[in-house]
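In the two complexes below, subunit A is the common chain; its partner is subunit B in one and subunit C in the other.
Then we have the complex of A and B:
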């Protein structure tokens, strides 16, 4: 079908013309509100208070969502919103990693607030089109698109019945439809999802950026917690923004030279050191696979083990051969880290696009570790194929992988069988079954309908309908707060167990990754040390999401002398860069301590948001036991020496004890350690013993809004 | 006996930093090696001989993920 025909079928539902805005010091000072139930389009002012307390990005998203819903709102209620915002720094082109979009919504899987940080051009182009954030509420009756023209100054809501839903096609169609020429395609950014977002609870959003060299729209994902499911439930097919004229000062910086200087320092480091450090420019995050395998941290067979002899088949050297080299793979202008690797001309072997040759945004570490090692399938072409389909179907690949690994273990342990799976022999290592399951999930049939609901719901179904032991399911089902775990084995690092399970949205590594500091370097031996790390790092990382920044250029490249500094884990020189670029953009004069303070406000607010939605206390911070230690005999035996030694050092008499007895002893000890960790972290964060920010803390942070005070007062 | 990242390790006559890294499977590239409080530059790792009783810290710098 041709594009003209598709466009002709659009039906205009609403239009708002607007004065083009100007970005001043990182803000346009207004946001765009759209309600799809009654087709309202309107402008909202950004207040000084919003900028001071919430900064932008995820902070703006949380604030808008807080005001839009009540504690009773469910993800599928029209009141739920999707908010997309970059942040004051988002859109600069001089410093690597400065074009991220933050997405906030109520999650179908956790029932609470979810945030995602993604690449692609949408967030910055939205701002340059005149809007610091886009807030979408309500539900459309039929499939619609939202189009924002940042050069002509209008916004429309249109019914769009004919374009594809699957992202690789939707991005291509809408990019071509709204670009005036091939040259203009880079000025169009599309947010879309896929059929899998309609059929599962783990839908994601794809954010496009046009790859001029390849001549295709590429995609980065806002993947976690079912954000795409909310998007399709609102019947949004795509959101398109168009803005041409991105320049070095479009973000209106107060002091451009400050940003240029910081950028030059980092560019130089990347060019000189990346090749001897992480090789991000060559293989992206895929370099982590062999590292995690060597350190026994690579999840294998549903997080039972930390390494596998076949992991070498998924090493970065293998993927390097698939990645097209020498292309500028940055997901926003000026990112010389260029880690967004792609496989070109990949011929699909299965599914509705079988036989077609496609460009796949593959494969990042999480994908390789998740659908690969964690499912014990050590086949790179399968990984690329799974990657393509999860993305285009609009399904979170981390949740898909962790759910599949869980199902595989359940199958092998006889908890489920072929009768239940509809004939699928869903064992570890069975790549055909894994791909079939992905297609079932995406298309909403067979056993895929169950798996697409995620681990938490599967636990319930398997226990209630198939008579499985709920305790075992709870121990091995790798989710916390309803979100599936990302792909690192945390068993031997108490600090990382906290990094995962205390994370506001659920176990995602973007809050804290402390395994090397804790387990390898042994730099944080006491509870207080760990609590300090779990204070500082989640807050430092939160700041990226307030400003539209990518985490990777912070510590996936480091100055040559970083190891000689007082606190190498913080990368002090890069922290200085961040202070400079924030001040350079906004004209403010913050210090590195202010970075933590800015984040602390938003982080605590998000914790209180969880409380408001019925969670946010200690009992929701406790992970399944497999996060902490060996659940089964086989797991214990795979690290018997380590565990035996630990028990002996702790004074346990293990002479003549069975493995089961030793598992029990270790479990008692580790569960107790985890509770003590919570005590220490809550105290350091200024929370009550039940994990609720104290009145004193919220007052200190200036977030003591009347409804916040009323809510937390009940929990003091 | 030597200490590597606060854990005991058998000392072997003539062992170098590189031997320790290999033995411990410390393959991550962004590391700083500190012997008895002194940073040993990377280009000396293959030649630097460890003495019995040395305290070796191999600081992995990524706090990544």
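Then we have the complex of A and C:
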């Protein structure tokens, strides 16, 4: 079907013409509000108070959502919103990793607020089109698109019945439809999802960026917590923004030279050191697979084990052969880290696109570790195929992988059988069954309909309908707060158990990754040390999401002399860069301490948001035991020496004890340690013993809005 | 193609090349807007280092807008319309021979026009086949 026919089938539902804005010091000072229930399109001001307290990006998203919903709102209610915003720094072209879009919504899987940080061109182009944020509320009756023309100054809502829903096609069709020429395609950015977002609760959003070298739109994902499911539930097929004219000063910086200087320092570092550090330019985050395997941290067979003899088959050198080398794989202009690797001309072997040759945005560490090692499938082409389909179906690959690994273990333990799986022999290592399951999830049939609901709901179904032991399911189902865990084994790092389970949105490593500091380098031995790390790092990383930044250029490249600094884990020189670029953009004069303060406001606000939705207290911070230690005999035995020694050092008499008895002893100890960690962290963060920010804390942070005070007063 | 080549031992540091370059490229006499830079050697006063692009082309594949390209005459040039001023080429130049200026959005880079060589009083820079 040709594009003209598709466009002709569009039915205009609403249009708003607007004055083109100008970005001043990183802000346009207005938000585009759209309600799809009544086709309202309007402008809302971005206030000085919003900028001061919430900065931008995820902060703006949280604030808008807070004001849009009540404590009773469910993810599928019309008042739920999807908010997309970059942040004041987002859109500068001179510093690596500075084009991120932040997405906030109420999650189908957690029932609480979800945030995502993704690449692609949408956020920056939205701002340059005149909008700091896009706030979408309501639900359309039929499939619609939202189109924002940032050069002509208008916004439309249009019914769009004919274009594809699956993202690799949707991105291509909408990019071609709205670009005036091949050269113009890079000025179009598309947000889309896929059929899997309609059929599961773990839908994601794909954010496109046009790759001029390959001549295809590429995609990065806002993947976690079912954001795409909300998107399709609102009947949004795509959001398209078009803006041509991106230059080095389009973000209106107060002091461009400051940004250029910081950018050049980092470009030079990457030029000189990436090849001897992480090789991000060659293999992206896939370099992590062998490191995690070496340190016994690579999840294998639903996080039972931390390494596998076949992991070498998924090593970065293997993937390097698939990744086209020598291309500038940045997901926004100026990213010399260039970690967005792609496999070109990949011929699909399964599914609706079988036989077609496609460009796959593959494969990052989470994908390799998740659908690969965690499912014990050590086949790179399967990983690439699974990566393609999860993305184009619009399904979060982390949740897909962790859910699949869970059902594989359940199958092997006899908790579920072929009758329940509809004939699928979903054992560890069975790649055909895994791909079939991905297609079932994406297309909404068979056992895939159950798996697509995620681990939390599967635990309930398996226990209630199939008579499984709920205690075992709770121990091995790797989710916290309703979100599936990302791909690191945290058993031997107490700090990382907190990093995962205390995370506001659920166990995602973007809040804190402390395993090396804690387990390998032993830099944070006491509870107070760990609590300080769990104060500083989640806040420091939160700041990226307020400003439209990527975490990777912070510590996936380090200055040559970083090891000689007082606090290498913080990468002090890069912190200085962030202070410089924030001040360079906004004209303010913040310090590195202000970075933490800015984040602390938003982080605490998000914690309180969880509380408002019925969560946000200690009991929701407790992970399944497999996060903390060995659940089963086989797990214990795989690290028997380590566990035996730990018990002996702790003074336990293990002589003549069975493995089951030793598991029990270790569990008592480790669960107690985790509670003590929570005590220390809550204290450091200025929270009550139940994990609620104190009145004093919210007053100190200036987030003591009347409804916040009223809410937390009940929990003091 | 002919490119700018240097004999730093002949340079007297007069800076005429930088002035000529900025005048040709940006209609101003400002050494900070020049694509050729002359720096006095701090350890050896009176001797100079001349930095100018040798058109090796290593900056071409790092540019993700295809602004950096090899022109028909063989020179590596920046298409200002395509360039978004990210400066990756500046950071990735093996010879540090691409420059920036806050008033100019695109990096400043030699286009092998030869204007600088024509004003050099000592023959320290000259055009020669690459």
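We take it that the second predicted complex is superposed on the first by the 716 of 716 C-alpha atoms of A that agree within 3 Å, B and C clash if a C-alpha of one lies under 4 Å from a C-alpha of the other, contacts with A are read in each partner's own complex, and residues count from 1 in each chain.
The criterion applied here is as follows: a residue touches a chain if its C-beta (ideal position, glycine included) is under 8 Å from a C-beta of that chain, and two chains touch if they have at least 3 such contacts.
Because the structure is a prediction, the values reported are computed rather than measured.
Enquirer: With both complexes superposed on chain A, which partner does A:572 reach: first (subunit B), second (subunit C), both or neither?
Expert: It touches nothing on subunit B or subunit C.
Enquirer: Applying the touch criterion given at the start, work out whether A:330 contacts subunit B, subunit C, both or neither, answering first, second, both or neither.
Expert: second
Enquirer: Output check: A:278 vs subunit B and subunit C. Expected answer is one of first, second, both, neither. What do you get?
Expert: Only subunit B; A:278 stays clear of subunit C.
Enquirer: By the touch definition at the top of the document, which applies to A:520: first (subunit B), second (subunit C), both, or neither?
Expert: first
Enquirer: In the superposed arrangement, does A:294 touch subunit B (first), subunit C (second), both or neither?
Expert: A:294: touches subunit B, not subunit C.
Enquirer: If you stack the two complexes on chain A, which partner ends up touching A:446: first (subunit B), second (subunit C), both, or neither?
Expert: A:446 contacts neither subunit B nor subunit C.
Enquirer: Can A:429 be said to touch subunit B (first), subunit C (second), both, or neither?
Expert: neither
Enquirer: Quick check on the output: what are the common subunit A residues between the subunit B footprint and the subunit C footprint?
Expert: No residue sits in both footprints.
Enquirer: Can you check the complex and tell me which residues of subunit A touch subunit B?
Expert: So the residues of subunit A in touch with subunit B come to 276-278, 288, 290-291, 294-295, 486, 488, 509-510, 512-517, 520-523, 525, 537, 555-556, 558, 562-564, 568-571.
Enquirer: Which bits of subunit C are touching subunit A when the two form their complex?
Expert: Per the touch definition, subunit C meets subunit A at residues 61-66, 82, 84-88, 90-92, 100, 102, 105-106.
Enquirer: Considering the complex alone, what residue numbers of subunit B touch subunit A?
Expert: 5-7, 25-32, 39, 57-65
Enquirer: List the residues on subunit A that touch subunit C in their complex, please.
Expert: 93-94, 183, 186, 211-213, 246-249, 256-257, 260, 263-264, 266-268, 270-271, 326-330, 333-334, 336
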